[in-house]
Every structure is written in C-alpha cells, then in structure tokens.
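In order of appearance the chains are A, B and C, and numbering begins at 1 in each one.
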Amino acid sequence: MRNAALRIAVCIKRVADSETRVRIAADGRSLDEAGVKFILNPYDEFAVEEALQRKEKAGAGEVVVLALGGPAAQETIRTALAMGADRGILLQTDRVPADGLETAKALAAELKAGGPWDLVLFGKIAIDDYNHQVGPMVAELLDLPCVTAAAHLDLADGNGTAEREIEGGVEVVEFPLPAVITADKGLNEPRYPALKGIMAAKKKPLEVKPISPGAGGVEVLAMTPPPERKEGRIVGEGAGAVPELLRILREEAKVL
Amino acid sequence: MAAKFQGVDFYGVDGVLSEEERAVRDTVRAWVDDNLLPIIGEHYVQGKFPKQLIPGMAELGLFGANLPEQYGCAGLNNVAYGLIMQELERGDSGVRSFASVQGALVMYPVFAFGSDEQKKRWLPEMASGKVIGCFGLTEPDYGSNPGGMITVAKETKDGWVLNGAKMWITNGSTAQVAVIWAKTGALEDQNSIRGFLVPTDAKGFSAKDQKGKLSLRASDTSELVLQDVRVPKDAILPKSAGLKSPLMCLTQARYGIAWGAVGAAMACYDEAVSYSKNRVMFGKPIGGFQLQQARLAEMLTEITKAQLLCLQLGRLKDAGTMTPQQVSLAKRNNVSIATDVARETRRLLGANGILAEYQAMRHLANLESVYTYEGTHDIHTLVLGQEITGINAFN
Amino acid sequence: MSAVLAVTEQRGGALRKVSHEVVTGARRLADQLGATVDALVLGAGPVSGSDRLGAFGADKVVTLTGAGLGAYAPEGYARAIADRVKAGGYAAVLFAASATGKDLAPRVAAKLSVGLAADVTDVAAEGGAVIASRPVYAGKAILKVKLTGQPALVSLRPNVFTPVERPKAGAAEMAAVSVAPGRVTVKDVKAATGSLDVGEAPVVISGGRGLKEPANFKLLEDLAKAFGGRAAVGASRAVVDAGWRPHADQVGQTGKTVSPTLYIAVGISGAIQHLAGMRTSKVIVAINKDKDAPIFKVADYGVVGDLFEIVPRLSEEIAKLHA
C-alpha cells in the first residue's frame, strides 16, 4: 500500500428503508413517501467503510462523499460524514433521473472536476431501484477500469485484485489503479456512526450544487403492486402429509 | 431473525427532533438490534452481564454522552442522551443500568464535584470503557433514606480511612473504581457526606455479587464492604458537599431512566402488536378481538404520553431550568406505565409470553427493579406531594 | 428489417444455460417488433452450444472471436458489443442479468449513450417502443418503463424467461474482431464445491434457524440430491450471519434473488427480507412447526410439523419419483 495521501470518492444514495410499507403515490408512478424512513443505501455503507479503512491504512488522504438527490439527501451525506468521511457534495435536484445514465453523467462530471482520484467507490446496487448500473456507467464515462460487486479487495502499488461472486464460484479479477469499484456485502464490516462523529459531521464541509439532469432514455410509465399470489393452503400435518403434498405438486402445480 | 425495530411514534415526535438527535437515536437503535437483542435472552436466563459489549458501547460513545468533548465524551445535548437510554432499555433495563451508572452516577460526580486533575485522570478512561465505575450510596439499612447512612470516612495524616457497607450496587463487582459516599462528621450530620473515589483493589475493599435475583439478571448487582480502606487525600471529590451531592447524581440518572422506561414499553408494545397480527385463534388474528385491541390502545396511549413528557423534560434540562421534582414526575409515571405495558404484553402473548425468547416477561421482571430503584415510586409520590402542598410527608 | 441482439454468455468455451433464456426473450420481443434475432457469442474461438441457439429462436448466430476474449474481459466485451451494435440495425439488445450481465450491460449502455432497463421480469413492444417491467423496493412494486433510446438495452432476470424451443436452426456467422481485452482481467474462477448455484437451480430448498444446528443442513442436502442434480440448497440470512452457510447460498434481500420453479422453505419463519428474495418463485412450499409463521401466508402449499420427520420422508418420496 502506498504511503502517499489517498484521494477517495464515494458515491452514495438516499433510499427508502426496505422495511417500508410500499404505497404507490397518486401519480401512479412513484413511491408515496408519507411515513417512509430513508436511510443510506446499505451497499453504500460498504463503500464508505472501505474508503475510510483505506485512508486510515494510508495514514493520510481525503474521503469525499457525493450524492445526487433532493435537499434531504444532505442528511444522508452527513451520515457518511459521521462515519468519518471528510467532506460531502450534494448534486441537488428534485427529480432523481429514472435513467441511471443521467445520474452517471452528473456524477462523472463532478468527479472529473474534483479529480484525480485514487479510487472511486459505489455500492453495487441501490435497494430502491435495483438498477445495478450507475457505478460501471460512471467508470465508462471517466474511462477508468471498473470491477463490480467486489466482495474482497486487495490493493498494492498501482494495481488491485478483487473477488466477486458469480454463479457457482468466485471470480478473481486484476486491474490497474486508479479504478472504480462497486462494493458487495462481505467487503468489510461497516462501522456505526459514533456519537462523536455525528456531532463532528455538522462541522464538516458540505457543498450543495443545484443541477438539472437530462430527461434520459428511460421513461417511467407506471408503478404497480406485484401480481397477487393465489392464496395458499396448508396441505396437512407431519410426515404423513408428504404423499399428498407430492400429489398436489405433480397434478395441481405441475412442477414435479 | 428479528426484523429491525421501527420505533413507536404516534404523535410524530421524530419530526420535532433535530437531525443529530435522530441520528444518535438511529445509531444506538441499530447497535441494539445487531448486538444486544440477539444475546440478551440467553444472558438474562444465565444471570450474566454481557461484558463483551462494553468496548462496542464505549466506541459508540455511550458513556457520559452528555458530558463535554474535552473529556473524551460525545458532548451531546440531553434529549440525545435520553434517546440513548431509551434505545438501550428497549434492549434491556440491566444493560441500560450499566450505562446509567457509568455515565450519570460515576462520570457525572467526577465532572461535577471533582478537581481538574481528577477530571483529566478519570473521565477519558471512563468514556472509553477502560475504567468501569460504580456508585456506592445505598446501604443495607438505608435505601429510601440515604441521609441515614452509616458509612464513615475519618481523616488521617495522609488521607482518609473508610468503613461501612453498601448494597444493591450496579457494576460493583466489575468496577475498577467506586464512588463511595460517606459521612466525614457525626452520624447525625447529613451535611458531612462527601464523595470518595476508591479503587476497588484497595486493601479492605471487597465486592460480592448478590445472588438469587429474579430481576435485572443481565446486570451485576453487588454488596460492597469497606473495612479500614485507606485512600490518599486526593481521593475525595473536593466539591462534594452534603447529601445534596449524591442526590444531584441521582437526578441525572433518574432523567435517563424516565426515557429508558419508555424504551422498554416500546419494545413490549411492538412485540404485542406483531404477535397480535400473526397469532391466529378462532379463525382470525387475535388483534381482531376487542379485548386485545383495548390492551393495545391503552399501551399506545400511555407510551405516547410518556414520550411527550420525556421530550419536554429534555428541552427543560437543555435550557437549564429542569427541577428534580419534574424528573420525579417523569420517572414515576414512565416506569409505572412501562410496568403496565410489559404486564399487558405478557398477558397478550399467552403461554408464549413466559418464554425468554419473547421480551415481555424479561422487561416485566426488570421493570420491577426500575420501579424500586433510583427513588421508589412511592418516594417520588411524596416528592411531588411536598412540591404541591409544601408539606413534608416523608416522616 | 431491424434485429434484436441477444448477448449470450459462455464460460470455459461452453455456452451457459441462461443464454437460452436471453434468446427466448429476444425472440418474443422480436416477434412483437417484427424483427429478427441475432444471437451474439463472444469467445477465443468457437463456443460449444452455439449451434443450439437457433432452436431457441435465433435467426443468426454471430460469434465474435478475439485473443483476449476467451474468459470474460469486461472492457473488451463491452467494446466488441458496442462496435457490433454501432454497425447498425438493432432495435434492442438483450443481456442476461447474471453476475456477468450485470457487469457488462451498463458498460455497453454508457458506450452507446442509451438507457438500460436492468433485471427485468418482462419485456415487450408497445406501439413500436420497448417496454420493460422490473421489480423495485425489494419486490414490493413493479416498475413499468419505456426505453426511448436506440437501441433499447435490457437485461433479463434469470429463471424468468423460460426457454422455449422451436424446430428451427439459425444461420451462423463467425467474425474475428480485434478488440483489446482491456485493463480488467479475470485471472481465475474459484469454483464453489461443485454444487448448483441457488440463482440458477430449478429447485431451491432453503433452510433457516428451524434447522437448529449447521450439521442438520445435511437433511436438506439429501433432499437436494433426491431431486437428481436439479436442486440447490439455499439459506436464510440468520443462518448465514451465524456462519452456518456461505453467503453465496443466502436467499433474500442482501443475498440472492431467486426465481426457481419450486422453492421449498424449511424451518424459515418468513421475514420480509427473505420473502423479497424468493417471492417470484413459481411454486412455494413451506415446512414449519409453527402454523402461524408468516411464511405460510406467502407459500402456495404448507406442511405444518416437525421438519426432522417431514424432510426425510420428502427425500424418500422424491427419490422414488426419480428412480
């Protein structure tokens, strides 16, 4: 690990807590936010933690947190600052684009202006839209090497090795630095924002920059509840119910 | 695996909290869900305090959280401090007792009555959990009447010698230092009470855990015996002066307990609601029967009232105008309703409610101690009675 | 006439089964658009299984070969695909939303400067435009989106687009491309213990805390064996966090989202995060001693009782079926 100061950018997102009861807003296309709890995207926590650990190991550097969102996203940035990030930037817009590419363009522009970076980190997905795309798109726009869904990361002088889960195994990937990495569960154990950190976060710099993302190439037509599963039934009790279960699976459900 | 606690906030108190207060509450809430709840049932049954949680609690900054940053503390306001106690006790009253003692009954007296050297020497180490303390006020024969204590401290050439016994002391057997309150003058003279920082490895000092507890089982409660314990001159808390001093510490702790009790009530209510929706009897969830709905409505009402009491009490404390009598009202009410909520939850849970894998009965048993300690319910009744009428009905 | 490009996936020179789903999905969409289907294969040389793609609906199979393309090379593959697309004529490009696809599709989208609908459960044409449906908010809502860019990029959730075979063979085209593999190289694939991945198995048997001890997962492994190689053993978050099972087996929100034909939940209570990971399974069976466990609300069929008696009996009977 180099001893020079590390400049690490982490892109984070304010998302609805997955425990949220999902109600569809009157426009039929978005989440009704009444009573919804918003949190820092859990996969982004791995990214923030990784940045903090790398900076701590290097002994010097800066961890900058970026988010794209409405004014309330400042709170999310402050959560990352409370964990230990040094400063934050909010690209403020009331309309978070449905097209991940538009988000990527805005983030890439800001990252370019604020670079160069030793590492740019993302969570692998956001738990609201499950789009899986902004991280690698930003890498493409910045022409940086990128590894997605890294569950393990080793960095040495100018190079890195990552491990990512694929079907039936683990892929070992090598890449040069600087790079964009999207974090998966298992990369590290994110720290809780210590209470002192929460107090210190208030005093750390947080720049708010209004932006106007383009319309993009993805248009939301509707948001609907998932198809109702037909009501199930208890087939029986104990091992004695097994023959009946198999009969039903064979004849009724036709899956055997 | 239990789902994460979502809180109980019928009157939108969240919206009145500041961002930091919410962030503090959320951090402790998450920590309790991840670290305390998975192990507390087991520890309670075994009668073991989960010592292994101390470093984690210290790292978060839970000890003396409302004391100033210059001593290594978080420097939070009192509403945030209260929210910490609320979330800890949502986990377990015994664990919250640990934090209350460390913060309000050990670090606070050092902060309020200690010399600059004492503050610098002890506070940072107590904040980091390296030094655990306990508060020695109550005695075997002097509970509700601490002024009658018979532990004495006689001045000697190079310090003090202490003799006496204390009982029902939380953290007694784990502590490295004890804040011992003793009379330096005649036994009739409450004004001669002073505080002393006594290292628990001092010759003549012994601590023994009290066995056979059916409440606060995940907490260490000890008897302390001081037999010719010699301490140097600088062991005294120089600004401590009479019974007033330990009572000021108790006011700090009671403030936290008023919030803590709400946490326990919230935990029980949440368990009751969840159970009432999932438990099906006579063809429908039991939450659909009138008697259970009445239970739940009562619980929610009392919790909501208690939450609003806490919030205003916290704002008064932050404004510097809070009185001990205001704390008495909140502690008395909130612990009382919490015991009711716990009991009713236990009943709603039916047979399952007697198992350690559910929270209600553990909270119910714990809250009986909380009802009695830090000023019994009845004592606080008389505090209010005297405040209202001006007439002392204590004796 | 325009075409739909179906990007297949190979490993070790052999096409992965998920490629049949992508081609099937592409065929359905192409039929609605009045387009043809090109199946795209990338490798160091010919890839086995390519000749079967016609049967799933490919009119043409295009194999792009290059020295560094034998193993998945993110930058090289993205460049090769983007170049092919830029050559023109594609109304849509479909990927599998597999581990590789989730990595690859966004790169291609950024290169082409178009939007990407990822991990979709349905894709169709409406009025000439490509419309996709995708689960959001842990599967608690479905988002219907229209892709307005050209081409429309979509990645398909595995195990949803059941492959459909037709008696047809497609034309084959092979072209060598000179794309640099790029800066990110796959050095190795550490195989898991030979078992089928939960995200791909047609039958998934998941165990939770009700199993009581890690050793008891053997019961589920035996049941999986009884299905003759078609079943994988999954796990709830509780047992993964407790260290009983690897994270790769975790079904649920912070684990894998699976969509098997048959999902059997054993000793799992049914916490919402677990349900998020398996609620689109075709048939859900739950086995639990507590008849009030939330899992029974989601299951199509339930058996209440002691899993330690029920599961062995089930293994016996399933083995008989396959004997």
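The rule we apply is simple: contacts are C-beta pairs under 8 Å (C-beta built on N, C-alpha and C of every residue); 3 or more make two chains touch, one makes a residue touch a chain.
Just so we're clear, the structure is a prediction, and the values are computed from it rather than from any experiment.
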| item | value |
| --- | --- |
| Relative to chain C, chain with the most remote C-alpha centre | B |
| A-C compared against A-B, more contacting pairs | A-C |
| Per-chain CA centroid nearest to the all-protein CA mean | A |
| Centre-to-centre distance between chain C and chain B (centres being mean Cα positions), rounded to whole Å | 53 |
| Separation of chain A from chain C, taking each centre as the mean of its C-alpha atoms, in whole Å | 21 |
| Rounded Å distance between chain A and chain B, as computed from the means of their C-alpha atoms | 39 |
| Overlap residues in chain B, where contacts from two or more other chains coincide | 3 |
| Residues of chain A engaged with two or more neighbouring chains | 19 |
| Per-residue overlap in chain C, given as positions that touch at least 2 other chains | 272-273, 291 |
| Touching residues on chain B, where the partner in the complex is chain C | 1, 3, 278-280 |
| Of all residues in chain A, those that touch chain B in their complex | 19, 37, 75, 78-79, 82, 192-196, 198-199, 201-202 |
| Interface residues, chain C side, partner chain A - complex | 16, 72, 74-75, 78, 97-100, 102-103, 105-107, 109-111, 113-119, 131, 134-149, 155, 182-192, 195-197, 199-200, 247-248, 253-255, 261-262, 272-273, 276, 279-280, 282-285, 291, 296-306, 309-310, 312-314, 317-318, 321 |
| Chain B-touching residues of chain C, taken from the complex the two chains share | 209, 236-238, 241, 271-273, 291-292, 294 |
| Residues on chain B engaged by chain A in the complex (per definition of touch) | 3-4, 6, 19-20, 23-24, 27, 30-31, 59-62, 65, 69, 74-76, 80, 84 |
